[in-house]
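Quick heads-up: structures coming right below.
Consider the two complexes below, in which chain A is the common component and chain B and chain C are the respective partners.
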Partner chain A sequence: MAGFADLNLPQGLDKKSLQSLLEAAAHLGYSAVALNHVVDFKEKKQEIVKPVSPSELFPSLPIVQGTSKRIKVLTRLTLIVSDPSHCNLLRSTSANIRLYDIIAVFPKTEKLFHIACTTLDVDLVCINVTEKLPFYFRRPPVNMAIDRGIYFELLYTHAIKDSTMRRYTISNAISLMQICKGKNIVISSAAERPLELRGPYDVANLGLLFGLSESEAKAAVSTNCRATMLHGETRKSACGVVYTVKKPRKVEEEEATLPACKKAKTQA
Partner chain B sequence: MARAEPPAATFERRVLRSAAEHHYLRVRLELPDGGARPSVAQFKQLVVSALRELHGEVGAALPVDVLIYEEKTLSAILRVISSGLVKLWSALTLLGFYQNRRCAFRVLQTSPFLLALSGNSRELVLD
Partner chain C sequence: MVRFKNRYVLCEVVSEDPRCRQCIEERAVGLAVRDAIGRVHGDYGLACCSISFTVKYLNAYTGTVLLRCRKDSYRLLCSALPFVRQLESRAQRYPCFLNTLHIGGTIRTCQKFLIQYNRRQLLMLLQNCTNEEERQCIQKSLLSCSITEEQSHSGDEEDDDGTETD
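This part shows the complex of A and B:
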């Protein structure tokens, strides 16, 4: 079973509040989080810096509740694109971009949404939740994105902060669900304070409000997040990623003892 | 014409629908340090206002009971009819402010059986 993950914690905070945010996430049961670095091309002099390494920032990561493992911290880059020329950066093999674990784009227009879904080499497409959708989702790019294994990201913190944004969040989410039918959705927080974070089961329940089914809602905080991370990992390798897990030896021992038992019966 | 006897059924179909009338939630309210703590009445008021904020008057009319409320730890057990569980839970999730200060509801456990809330396996310490 894939553990729960929250793929959007803002990176621009100071170290102390980030630490408390990580502790809150671990306490709520998230086994992986991603630190988000946002680059908005509208503002001048935005350059893509190298990702801060989480192990440098935090010498000891908090332990996830209910497990004995430490929380996994990834790095993520979000590019806010409002002009087609901004996409060139993603196509060029920029050294700094390759260092991030997950790459997301926030398309501002329908044309850019189409480009992001069909051609760009990204893992996540952010959906605007703070204002009325500037365009309608169309089926071809969304289906193409689902085929390519790109996920759509919805944020819920804005819905907690403000009732107008809550309305936009839910309405934009529902209009997306009509097109993608609940597939390839990731729900993450973008929380700046521990009190804005919600537990993974709460978020899954929130997914029901967005029009997902129960299994899709749970996948939106667990398996889809894992798929996104693996999709990001394939970018660094030549063609794919394979994980192997060592099989526990205990099963073999049981099999070995079973025939012996049978033998004893026939003799008697 | 004699009808051939149907072969003895090797399986039978049973449909079990969750007949539980209510669901129970164990929740904890998280407030920043030094804030005013709600009393029982204020707590119930907070839950109803959260429901009204998200689901309107229909949500506010949802039968929700506060079975236990502990002011010291700010934890409570709520009872809600099963059809309203998603509404109540989402309303609690999206509640962000209590008296203009930030707050958060943590839903610790939910179950159709009250007895299940007597213990929590997630609070056990792993070796």
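This part shows the complex of A and C:
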């Protein structure tokens, strides 16, 4: 089974709190997390900086509870777009964007949601949970996104903090479920402190509240996250993901042993 | 066969403040969970879940809590557990959260899971040990954890070095 992953940990914090966040995530059982760098286009002249490499920030990564591997840290970029001209940044071959592992977009209008689902080259589309959605979802762009392998992301930390946000989260999530039938959903936290994180089974139970079935909710935390990470990898490399490893062959051994068919004949 | 089927939910209380451990008691945890269910599912959810709701077992050193509820309403309980934000007792509140470890149909299955889980925790503590004395203590506890036949409490078999690094 795919390991659990939490794809949204905000990055604008100091090193020590990030380290405690990572340790809490590893203790709860997450195999992979993504550090999120949010870029808002309302302010002018935003430059996309190079992603901070996780190996520089954290000299030693904590071990995931229940396995013996270290937690994997990815980099992620979220673009908050409210105007179609902002999307040009994604189309331009800017070197810095290519360096991020996962790219997400946060559309604010109906037209941008349509563009994000159909043409933009992203991995995740974030769904607003802090206010009532200004537009209704329609079936065609959502189905196109599902075909392209784009996932919809829901945040849960706001629901835990505040009761009005809880209502918005649940209503937006359920309206999305009615259109997409529970496919291609990723649930993640936007936890700024270790106390706001929840374990993967708890997050899957939250998915039940959002209208997912039990298997879909569990997939939302594990398989769909892994699919998003792979989607990001395929976007970084050319077309697909094929790893070739050159294995050194020992030439002397081959000449000494007889080929298998000859061996069988001489023995039989 | 006619019998009431229950679900036992094993959770762990995780908190940053070490003083929170003193605050873990049955009444406080029960109240916090009921309050969370009431906030999320309203009066109907609270009424459904509290039919056979108790805190069956509590270990303040490790922060382990075993809750019981009816099989029909365990989904309401489990979906409300992430919303527990603080524990209150004796006019002090500590922020914390509950991490669900295991859901079982009987106390015995939860106990077996808890023993395996604690063994893994002890192994991880062993890795981070600095002192030779602590190391020997932990090794002794690791070798001695198992289910014994005569038992008065559930889950009380292994020695727990609760004073170690948390």
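What we mean here is this: the second predicted complex is superposed on the first by the 241 of 268 C-alpha atoms of A that agree within 3 Å, B and C clash if a C-alpha of one lies under 4 Å from a C-alpha of the other, contacts with A are read in each partner's own complex, and residues count from 1 in each chain.
We take it that a contact is a pair of C-beta atoms (placed from the backbone, for glycine too) under 8 Å apart; a residue touches a chain by one contact, two chains touch by 3 or more.
In this text the structure is predicted, and so the values were computed from the model without any measurement.
Novice: Have a look at chain B and chain C on chain A after the superposition and call it: clash or fit.
Specialist: Clash.
Novice: For A:L208 in the superposed arrangement: first (chain B), second (chain C), both or neither?
Specialist: Touch status of A:L208: both partners.
Novice: Answer with first, second, both or neither: which of chain B and chain C does A:S163 touch in the superposed model?
Specialist: After superposition on chain A, A:S163 lies in contact with both partners, chain B and chain C.
Novice: So in the superposed three-chain picture, is A:L154 touching just chain B, just chain C, both, or none of them (first/second/both/neither)?
Specialist: neither
Novice: If you stack the two complexes on chain A, which partner ends up touching A:R198: first (chain B), second (chain C), both, or neither?
Specialist: So A:R198 meets both chain B and chain C here.
Novice: Of the two partner chains, chain B (first) and chain C (second), which one does A:I71 touch, if any: first, second, both, or neither?
Specialist: A:I71 sits against neither chain B nor chain C.
Novice: Can you give me the overlap between the chain B contact set and the chain C contact set on chain A?
Specialist: The answer is residues 28, 65-66, 156, 159-160, 163, 166, 194-199, 201-203, 205-206, 208-209 of chain A.
Novice: Residue numbers of chain B touching chain A in their complex, please.
Specialist: Residues 30, 32, 53-54, 86, 89-90, 92-96, 102-104, 106-107, 122, 126 of chain B touch chain A in their complex.
Novice: Which chain A residues qualify as touching chain B in the complex?
Specialist: 28-29, 65-68, 156, 159-161, 163, 166, 193-199, 201-203, 205-206, 208-209
Novice: Taking the touch rule as given, give the residues of chain C at its contact with chain A in the complex, in rising order.
Specialist: 14-16, 39-40, 75, 78-79, 81-83, 85, 95-101, 120, 124
Novice: State the interface residues of chain A toward chain C in the complex, per the touch definition above.
Specialist: Against chain C, chain A makes touches at 24, 27-28, 63, 65-66, 156, 159-160, 163, 166, 194-199, 201-203, 205-206, 208-209.
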